[in-house]
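Chains: A, B, C and D, in written order; residue numbering restarts at 1 for each.
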Amino acid sequence: MDRDQLFPLLDQFNIETPTWAYADTGTRFGKYLQPAAASTIDEKLADAGTVHRYTGCCPTVAVHVQWDFSVGVDATATASVAAKHGIRIGSINPNFFQDQVYKFGSVCNPDESVHVHAHRHMMSCIAIAKAVKSKTLSLWFPDGTNYPGQDDIVERKHRMHGALRQWHEAMPPEMKMLIEYKPFEPAFYHTDIADWGMAYIFAKDAGPNARVLVDTGHHLQGQNIEQIVALLIDEEMLGGFHFNDRKYADDDLTMGSIDPYAVFRIFHEIRNAAELHDRDVSDIAYMIDQSHNLKPKIEATIQTVATAQELYAKACLVDRKKLRDAQMATNVIDAEQCLKDAFFTDVRPMLQEWRKKKNLEPDPLAAYRASGYEAKVSAERESSRTTRGSNPSGSYA
Amino acid sequence: MDRDQLFPLLDQFNIETPTWAYADTGTRFGKYLQPAAASTIDEKLADAGTVHRYTGCCPTVAVHVQWDFSVGVDATATASVAAKHGIRIGSINPNFFQDQVYKFGSVCNPDESVHVHAHRHMMSCIAIAKAVKSKTLSLWFPDGTNYPGQDDIVERKHRMHGALRQWHEAMPPEMKMLIEYKPFEPAFYHTDIADWGMAYIFAKDAGPNARVLVDTGHHLQGQNIEQIVALLIDEEMLGGFHFNDRKYADDDLTMGSIDPYAVFRIFHEIRNAAELHDRDVSDIAYMIDQSHNLKPKIEATIQTVATAQELYAKACLVDRKKLRDAQMATNVIDAEQCLKDAFFTDVRPMLQEWRKKKNLEPDPLAAYRASGYEAKVSAERESSRTTRGSNPSGSYA
Amino acid sequence: MDRDQLFPLLDQFNIETPTWAYADTGTRFGKYLQPAAASTIDEKLADAGTVHRYTGCCPTVAVHVQWDFSVGVDATATASVAAKHGIRIGSINPNFFQDQVYKFGSVCNPDESVHVHAHRHMMSCIAIAKAVKSKTLSLWFPDGTNYPGQDDIVERKHRMHGALRQWHEAMPPEMKMLIEYKPFEPAFYHTDIADWGMAYIFAKDAGPNARVLVDTGHHLQGQNIEQIVALLIDEEMLGGFHFNDRKYADDDLTMGSIDPYAVFRIFHEIRNAAELHDRDVSDIAYMIDQSHNLKPKIEATIQTVATAQELYAKACLVDRKKLRDAQMATNVIDAEQCLKDAFFTDVRPMLQEWRKKKNLEPDPLAAYRASGYEAKVSAERESSRTTRGSNPSGSYA
Amino acid sequence: MDRDQLFPLLDQFNIETPTWAYADTGTRFGKYLQPAAASTIDEKLADAGTVHRYTGCCPTVAVHVQWDFSVGVDATATASVAAKHGIRIGSINPNFFQDQVYKFGSVCNPDESVHVHAHRHMMSCIAIAKAVKSKTLSLWFPDGTNYPGQDDIVERKHRMHGALRQWHEAMPPEMKMLIEYKPFEPAFYHTDIADWGMAYIFAKDAGPNARVLVDTGHHLQGQNIEQIVALLIDEEMLGGFHFNDRKYADDDLTMGSIDPYAVFRIFHEIRNAAELHDRDVSDIAYMIDQSHNLKPKIEATIQTVATAQELYAKACLVDRKKLRDAQMATNVIDAEQCLKDAFFTDVRPMLQEWRKKKNLEPDPLAAYRASGYEAKVSAERESSRTTRGSNPSGSYA
């Protein structure tokens, strides 16, 4: 594949960054604060706009309703702030864990009054989505139990079905509902949507606009994620991704930092579906979901985006004709080598060229660093926090 | 729950033993041979009949077509041998790994001639099933790949869909097709039916008589198996179980030997579905699938059956009214304690009583040992093997 | 084993509860607050004393220096408060993660000034230990890195060696240093003391009073914990335990809630070492380290202590003579059955009898609940928190 | 790093191939036979010599005594065959699982007569080693148990200590004893040398020439292998490697086929130890231990060797000065990027150049394929097997 074929694919490859990537995050043992961390939605949108300015492929930002919107504040005003920073509001993420009523779950809680609370929040999310013209609801539920017997697993399943059906009905027809799964944390014995199979069943049941959302960190050790991706595309049920990496649990490390070949194989299955199986992969939502606990947040995001582009470009380079021939001939070594050859091709020069063509700096991280942005906002935000007298967290942990 | 309620439940609790439990098995490092191991189908059926004689709850035996039936031998003759030993042929298990053509898979193989080979074998299995009046086809596919790129994951999925649909069509209407999943081994990079979600999709697509088969050893570490069981019952898609235990991989150890509380929780979900959610659980197939590499095979099987009955009885004892009340009150400790109280009740005296009522020896293992069966068949089988001049394996490894 | 032999073993079985078990804890997604949660050291000691009053086997309490002691407050005063509640201060736990300087580690941090900070804290801990007459320093380090290359693994090892040697030297001769290991969290790529082998090497190097501390939740899936315990006793390097349970990661659930047979096997190895291998197991420190995020904290602690006693009693009941004979005869089934028979013996009646003999209520949880303690302290503590105007966390997350 | 610095490092990088890589291997479900598979030691040595001829860096071959040597055959004759093929005998691997007496273990077996059997085999191994001038004994024990209680873990530990001490004493002074660990398989409940920490303790106890052998596939999921490597080098206890790759268990796939970045990080730690910590890494034994079940065996070996060279070369390219500076400045992104930059450098052109300089074909796999070797030996070996009338397996499974 030459540049004439690669560059249009890169042109179409956009990846959404989340507001919480710019805020302070941590572990249950605490947060290490960064002076440049964004606290307010305005700061977060400024940061997201900055990332887009240097990368050229992050035109939208995912928002967390609980943290990023306030009662009584017009959501369209937030959309205008985003526009001012050169970006748009992307996926809308409700929050079903922050309020104390969610102790035993949100929509799966045995207490029906909690369902009402969750429902009201969800209706706000849909209203905000409409206001900011977002077409994506991205749903993750922390629901589950910590101990065997704690609640009736089947009852909880029925409660979840009920909520999703109701919300799907409340969505405008052009909206997509993405349903995320996770095998553990914050619930430890069972989570109500534990794996892709459960998310699939819930999505099928909810309605025609529901899809499965794959968070790469939400898998048990040893699971083959690219197979799940290939299967969901084949079933026309893949909604999108939350990208991150991990060594053991849901570590929310930067994408490709631990196992870049695994990410490459995911992109390979997507390109395979498009090129060999005639699947429309154009509406798969690529989103980052990371916690930048140690790395400077904007730098980490730019590094992630560059990594995503590189690994995607490598996947585009796979010689699919040769691969198919080797597969049909059961030539295992040659087939595997098609992937290896693409993966070990150094695509960085091509990406630099692509950036230049798009009037972007060839090395976005270096250019960002040279801009002095971080030092500037550190000073401003330190001062704002002092003025406000507290540190509104705007993120988990 | 008192004995009047428990005993009818135990009366209905049957568990199928497999012919390969009585044959020599091992690991890829080799087999340690036991003199009493069964080599022929007659020997295996004699052993299965012996287990039923002492336990009273193993009236059927699972057969492996490749190992237990021969071309030109009338399958009904085998059914007669079973009848002679007081048992019936239960589930029919085809074999898609033994023939050299299966190197790159059976129905998922890129080579279509292998599909023909597999199809012919499957048609024999259905014919045998009809002949022996078995209503259960138990399908496990070793299909998968060892290396990224080795084959097209999506093409393979389509090949599997095609085979299953075709075979479902070929089944008589009263027959059930159970589809087993496994995350690894003998294929190491990807297996074509890797988890319950994939088995569910294949079963849904195959036709109305297809169900999912849960092998307890075929899960990644940390997966909540009882949740999968509860969900499949709720979706009316649970076909049955292959029971065994393991510490890390698919170790095929005896049921309940590593984590008995986990098995108890599976039975708890089944009883819960029956008693609280009005589900018909009467046709769930309980089957053992173990490799008795070190333990004497019949002793191991009797021990397993007793363990299964004990853990099932404990699950029957759960005070479901109290449990439900505690759950609705979000009293986590009391809800959990309902399970713990049942699990730590010593049910062995009740089982002895149940056995006496059924005219069985109260301690089946001791009674079997006292019978001298093992010494007798060891001598006979050693001699037969010498006469035959070789050791027809009749099992994997 | 009859009661005359069991009861003295139970008399010697004490288990230490930690102050943080009584405080609000959570996950990185937040804390669900409980009105009865203890915030101050006085409240925590009152709760620990209450647990001891109902269980009779929790005479000491583990303290977390950062959360439980304040600069300028006399530690002996705290010891007096403990005494007032009928308990003593047990192990002293420093904190190497709360201060912002620990972002890149404590003693393994590349910045030497952080070592000084950690050292000063450790010297306070030793001083407090001396003051309250505690003989146990329990060291857990959150040190590690999140990304490949982040720091030099070997340099960090040398820094850790240096700190531990220095601190061992600073300990009075009767003090023990327990070194804990953990494979992940809060560091995600590598932790500086990742497993028992690393803890062993650090302890051997630190000096003669250093031992390994086994936290049951700090193991990778599939690891055989009881083997590690048996080995460490054989090497005279086992210092003690942090007990808890988990399904996947370091979930800090209540002991025995997920896999009670695994806990039983740990106690079995300890009794085996004592009875068959002449090991002195009297100074193994049994400690609870759990996060009671959902369960009421005192109830959860009492439930845990009762579970620990039951599982320990079951392990005492193993017929070791019969076990040894079966092992030497390579009779796998009978040997295993020795463990199963003990595990499935219902020891609850024996424990009730033991409690009566010790003038304790036979059902400690019921008795505690009947006392009205929780309602009383909830009211008082809600009021205190309002008065103080804030919620001093006194725990992680 | 330029070619002048890289090429000498490549010159010193040799990797040993094992005879069993050239023989038919499989899983417990059976073996798929390859016509070109080597059955006899002569065939295996011919294949190993062929690999060395095309790669230039495989001058030694590991032998499995049970499979490769026969009673009464002069070992020096085998060494001469090796010499004829341009290679030497490398590490000597005893076999403690093939004989039926090993059912319950070899040196850890409760039956002392088995120890005698194992000891006699080990003495043969040492004699063969002396005869063929090998300086490496590579010890892997399949010892362990399948069920809780099956045997006394501590007794077994003492039996292992005894055997290793005795054998260390029997070794000539220039011989090294490498002790391998494995967490499971073929024993499933516990293995007597389960992890690096146990291998370390056994090696320390055995004597000054004992070291730990790291098989990359013998780790639990989530374990950080490169940290273990770094630590063992620092403790002067790393003996060498058995390289292979895996997705879940001990899959014995070709090195770098699943997670090449992980292999790179291992080599990085070795180069770091050499360049920054002044460690002598020259005597680390690099060995391949793979089962080529599907891939053609010689092709798979050549592919593996090329992969090893590439990943090693990438590790050599890490800019260690820049890395150290970034680490000391806690610049996580720049430090990580030093590794990524090296890993994503395309080293294939450099390796081609290095091969040309060494008078090797630049593309060893293509050159081997062009040679017609496989077709030639397939015909010869098929014919030999027919003549011999059986297929001497000469490998596990």
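One rule holds in what follows: a contact is a pair of C-beta atoms (placed from the backbone, for glycine too) under 8 Å apart; a residue touches a chain by one contact, two chains touch by 3 or more.
As the structure is a computational prediction, the values presented were derived from the model and not from experiment.
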- Item | Which of A-C and A-B has more C-beta contact pairs | A-B
- Same residues or different residues: which describes how chain B and chain C meet, taking over half shared numbers as same? same
- So, in whole Å, the Cα centroid of chain A is separated from that of chain B by 40
- Query: How many Å are there between the centre of chain A and the centre of chain C, using C-alpha atoms for each centre?
  - Reply: 37
- Message: Multi-chain contacts only, two chains or more: what residues does chain B have there?
- Response: 103-104, 146-148, 150, 183-184, 189, 220-222, 224, 247-248, 257-258, 261, 294-295, 332, 336-337
- Residue ranges of chain A in contact with chain D within the complex: 221-222, 224, 247-248, 257-262, 294-296, 299-300, 303, 310, 332-333, 336-337, 343-346, 348, 365
- Spell out the residues on chain B that touch chain D in their complex, using ranges where they run on. 25-30, 32-33, 97-98, 100, 102-104, 142, 146-148, 150, 183-186, 188-189, 220-221, 246-249, 251, 253-254, 257-258, 293-295, 396-397
- Message: Give the list of chain B residues in touch with chain A in this complex.
- Response: 103-104, 110-111, 146-154, 157-158, 183-184, 189-190, 194-198, 200-201, 220-224, 226-227, 230-231, 233-235, 261, 265, 268-269, 272-273, 276-277, 323-324, 326-328, 330, 332, 335-339
